[in-house]
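Alright, structures below, take your time with them.
One chain, chain A, links the two complexes that follow: it is found with chain B in the first and with chain C in the second.
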Partner chain A sequence: MHQIEQEVRQFVIENFVFESDNRGFSNDDSFFDTGLLDSMGVLTLVEFVKEKYGISIEDDELLPENWDSVNRIAAFVQARRTQAMADQGSLAEIAQNLS
Partner chain B sequence: MKSTLSSFTSNVLDIDAPAVAAELEQAIREIVLGRLRRKGAVVGLSGGIDSSVTAAICARALGKERVFGVMMPESDSSDDSLDLARLLADVLGIKTTVENIAPTLEALGCYQRRDDAIRKVIPQYGKGWKSKIVLPNLVENSQYALFSIVAQSPAGEMKRVRLSAEAYLGVVAATNFKQRIRKTMEYYHADRLYCAVAGTPNRLEYAQGFFVKNGDGSADFKPIAHLYKTQVYQLGRYLGVPEEILRRPPTTDTYSLEQSQEEFYFAVPLQTLDLCLYGKNNGVAPEEVAVSVGLSPEKVQRVYAMIDSKLHATRYLHLPPQLVEPIEEVSAIH
Partner chain C sequence: MCGIAGFLNFDGRPADPSLLERMIRTLNYRGPDGTGMYISGCVGLAHNRLSIIDIAGGKQPMSARQESLWITFNGEIFNFLELREELIKKGHEFSTRSDTEVILHLYREYGSDCVQHMNGQWAFAIWDARNRKLFLSRDRVGVRPLFYTTAGHSFIFGSELKAVLAHTAVDRKLNMQAIGQVFTYWFAPAPGTPFQGIHELPPGHCMMVEEGQVNVHRYWQLDFSPSEMARIDSPGEQEKYESEFCDLLLDATRIRLRADVPVGAYLSGGLDSSVTTALAQRFVGSKLCTFSVAFEDPTLDESSYQQEVVRSLDTEHQTIRCSADDIGEVFPAVIWHSERPILRTAPAPLFLLSRLVRESGFKVVLTGEGADEFLGGYDIYKEAKIRAFWAAQADSVRRPLLLKRLYPYLNGLQKQSPAYLQAFFHATPNDVKNPFFSHVPRWELTARSAVFFTASIRQELQQRALYADIEQLLPDGFAKWGTFSRAQYLESAFLLPAYLLSSQGDRVAMAHSVEGRYPFLDYRIVQFAASLPPQLKMKVLNEKYLLKKVFGDLVPPSVRNRPKQPYRAPDAISFFDPTTGKARHPYVDDLLSSDCLRTHGMFDPNPVQKLVAKAKAGRASSFLDNAALVGILSTQLLAHQFITHFEEKIQHAPDRAGSTAVCN
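Moving on to the complex of A and B:
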């Protein structure tokens, strides 16, 4: 989780924080409230997360509660990974039962 | 914030059309003949309500012989755009010309570049396909305003795919050629006739950045930019804009599939957005606006937030070229 936070934070700094801006935003700060990201920024972040963590993202998951801060994104990615692992576990269990 | 729940109704946008028309006529004369020192006005006619009202009020202010209409269809324009623009010009008695900009756009690669960008998300997109860009309904849920492309295959099959940043920017950049070439053509005629170019945005479009920088956003004056869309309709009715134009649903007339302005940009019915923008501009609480527009206070609050977000996101569109230092000899004469 900590690693995801760091990676997302680094991506945000590299892509959306200009030299003259304050880099001291916290991982809980709202991107929208701080004006750091607009919807184009969110789109860029979504693509980064898709590619970096290999997860697909549905339209109904594009909500501020999943994307409006570094910590929210990290929690979303972590939840999706946990879900994927659980799904894989169930599949393995089903396969075992069938064999 | 106002405290009574009864003071805000949908009538707040009602105007005294004859008085507003008289004020505008006076202002246009002062701006065009006085400040801009030009002989008249050139207006790009799209067949829509905004350009029709702009042309009509300019004709009243300056005289019909001092207003020149330019109709600029291209490959994706709907047929009735040209018919309605011609109808308006006949009613007003102004001179016009038709400039088909499709060959220019073709030469610039506008259509090819747009299709290339769409193929980044729909690889089979090509000849015979039609498309438009749409937004999710942002009032119903708090999703981000991320665009999707809706495409129709030659066989009629419909696809809706969320656009990647690269594809979205590519489609927008290519289609923006349309507004920029139109403006180039308007300035050609304005230079030739020693006229000023009239911009046609209403308040919603102007405030929410619904225009292309150096395209339809460019003009020498914008006579209806302070009027809400609802008020533009009222003025149009008073000025005798033909009923066919008043009844036509607003459209961007930019994409090959028919697309309303709501789908492309606002994602909220324009009348609702108009009232929300008025409410927000005048410090009216969402609870009061909610009663008039038939939405919950939470949804009106969401529209308020969207208006704010759009206002900030499109700030760049309103900025003139930025200078490192003021040029005093120029500032002195403004």
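Moving on to the complex of A and C:
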């Protein structure tokens, strides 16, 4: 989780935060409230997450609740990973039962 | 169309001819057909001529009434024939066929009220020798430019800032307040200019300079109050509007074809210029020559629509195809002409287009500018309408669908989920009450570019109250107008003259001695549009409804029914090539280097370098990245050309072919 947070933060800072001093930018800052991202920015961020973490994202997951801060994105990615592991785990279990 | 300059020494010093020549020389491209100067005692008037009407008799400065009135005039008075007739009936005698002489006689007849009779696009100065006063005026909507200042006991004026800056008494210092305004509003409203102490005469204003005093007064006000009251209660009423509009646009186009040289037309591939071209073609009676911009980038290119119009109207057509590289190459020249920071490169292709027009032997073109402002074409009007609907109907399920209809050409929005569209376009009933409701999203987003200014400039800019500088320029009753009228006013009274008609209009056309004429900006149409019920401008979300209804049949159905696409040009990519990761032209690296940024002291090198790295990597994709990059580079070019290298630039102004005539 911490690593994801770091990586997403790094990406956001590189691409959207121009202030020389990044310390003022918190992982809880809302991208909307701070005006950090416009519509292209959101798409750029989604593309980054898809590619970096190898997850597919459905339209109904493109909600500000999932994407509006570094911490929200990290939590979303983490949840998706856990889910994927659980799915894989169940598959493995099923495979075992079948054999 | 021409360039004018001059000065009046308050302390009685005789006017220095070499100083006057130094000023007018900076504007050679505005009038390559001849230069004239009038010097008498403490006053000097100068003129560069682009001869269009009465080629032989229209030389300037021109005098009337035993030489007691002298004029230097840039522009056209389209109703000059009718005015001339009226004045002859009143006993005035004319010695030329020019519109210039008509202004002199109008001034004799009506004094400073003369402008109320004029239908046209103008900036002029009249020296009234008998009464020792200088009268200056600018047209109602701001087609033609006029700048002035007082310095060293002189009143100094010119068509462009460079003519004023060339006067040796004038200090050349950048005005960070005006530059900051561009980085929020996309324009700096008149009377402010990017240079300290130099003013722009606002559209619809006159000024009188006498006894050392400068008095500016408004003679015309754009007013949407009639539109607020207008209702359509019966089908007959709509028909009346349709028939009035039909007559007006026909006449506005007809009188804009008055010239002793051939008139061409710009074709964008959209509705407005297609309509003006179709109307002009009918009046001209022969094949009209048309000109277009095409782009290599297919998402910006409209040439297939342009070709359809050309086929349908059977015009003689030429196209200039612009690459990102071409735009980067001419950008410094574009800033030399626009004389202000710009956030988009869109003027650059029009600079290239006017060169093509000129090389093809044309001096005059009709364009479709103004229809979007006055007849209701802009997306920002639609966006405001949707947001206002949203605020009123918080639970409507139609909202996301409406929003997708808003910007069909913007991929970034088309790919958004409904939840994100809601987040971006959300508005509350309280937001709607804000007088700037329509423009707040644009201004808030653009103002984020302040992060690139140095800390001290940021602090200086933050001292002004939010939007107070625009608020103080608004007409009485503005706050009571509806959302649509308010949005229209903000676009028409500010962005139109301060960006579209200047940086993207007069300046880039006159750079190659080409005069633009705008049928939709005939003041009768402007006033008519400001009295139309809003639903005839935008019916639900159908933009320019009345224009389509009345004139839509003149253009091919595919052009009439296409989704509106604003004219856009490649921005960041014009300066940096993402395939090589390098700047396309050396000046880009030079002016955006940390050293050069520090030299001019306006921008903080750290964030700018970050933005440059992003552009080099091809990651500058957002509106803000592009606007900031073009804005910073254009501001640096402004400082480089007008502050540190001005002498060099004006010394190298090309000579004109015509001769200089001095009248004393």
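Keep this in mind: the second predicted complex is superposed on the first by the 94 of 99 C-alpha atoms of A that agree within 3 Å, B and C clash if a C-alpha of one lies under 4 Å from a C-alpha of the other, contacts with A are read in each partner's own complex, and residues count from 1 in each chain.
Just so it is clear, contacts are C-beta pairs under 8 Å (C-beta built on N, C-alpha and C of every residue); 3 or more make two chains touch, one makes a residue touch a chain.
What you see is a predicted model, and the numbers here were worked out from it, not measured in a lab.
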item: Three-chain arrangement built on chain A, chain B and chain C clash or fit; value: clash
item: A:D60 touches, of chain B and chain C: first, second, both or neither?; value: both
item: Which superposed partner A:Q78 touches (first chain B, second chain C, both, neither); value: neither
item: Touching partner for A:N27 - first (chain B), second (chain C), both, neither; value: neither
item: Contacts of A:E47 with chain B and chain C, given as first, second, both or neither; value: first
item: Chain A residues touched - chain C or chain B, whichever exceeds; value: C
item: Contacts of A:N15 with chain B and chain C, given as first, second, both or neither; value: second
item: A:G35 touches, of chain B and chain C: first, second, both or neither?; value: both
item: Shared chain A surface residues [contacts with chain B and with chain C]; value: 32, 35, 38-40, 42-44, 59-60, 62-64
item: Of chain B, residues touching chain A in the complex; value: 136, 141-146, 148, 162-165, 168-169, 309, 312-313
item: Complex contact set, residues of chain A against chain B; value: 32, 35, 38-40, 42-44, 46-47, 59-60, 62-64, 67
item: Chain C-touching residues of chain A, taken from the complex the two chains share; value: 14-15, 18-20, 32, 35, 37-44, 59-60, 62-64
item: Of chain C, residues touching chain A in the complex; value: 410, 412-413, 415-417, 419-420, 423-424, 444-445, 448, 451-452, 604, 606-607, 610-611, 614, 619, 621-624
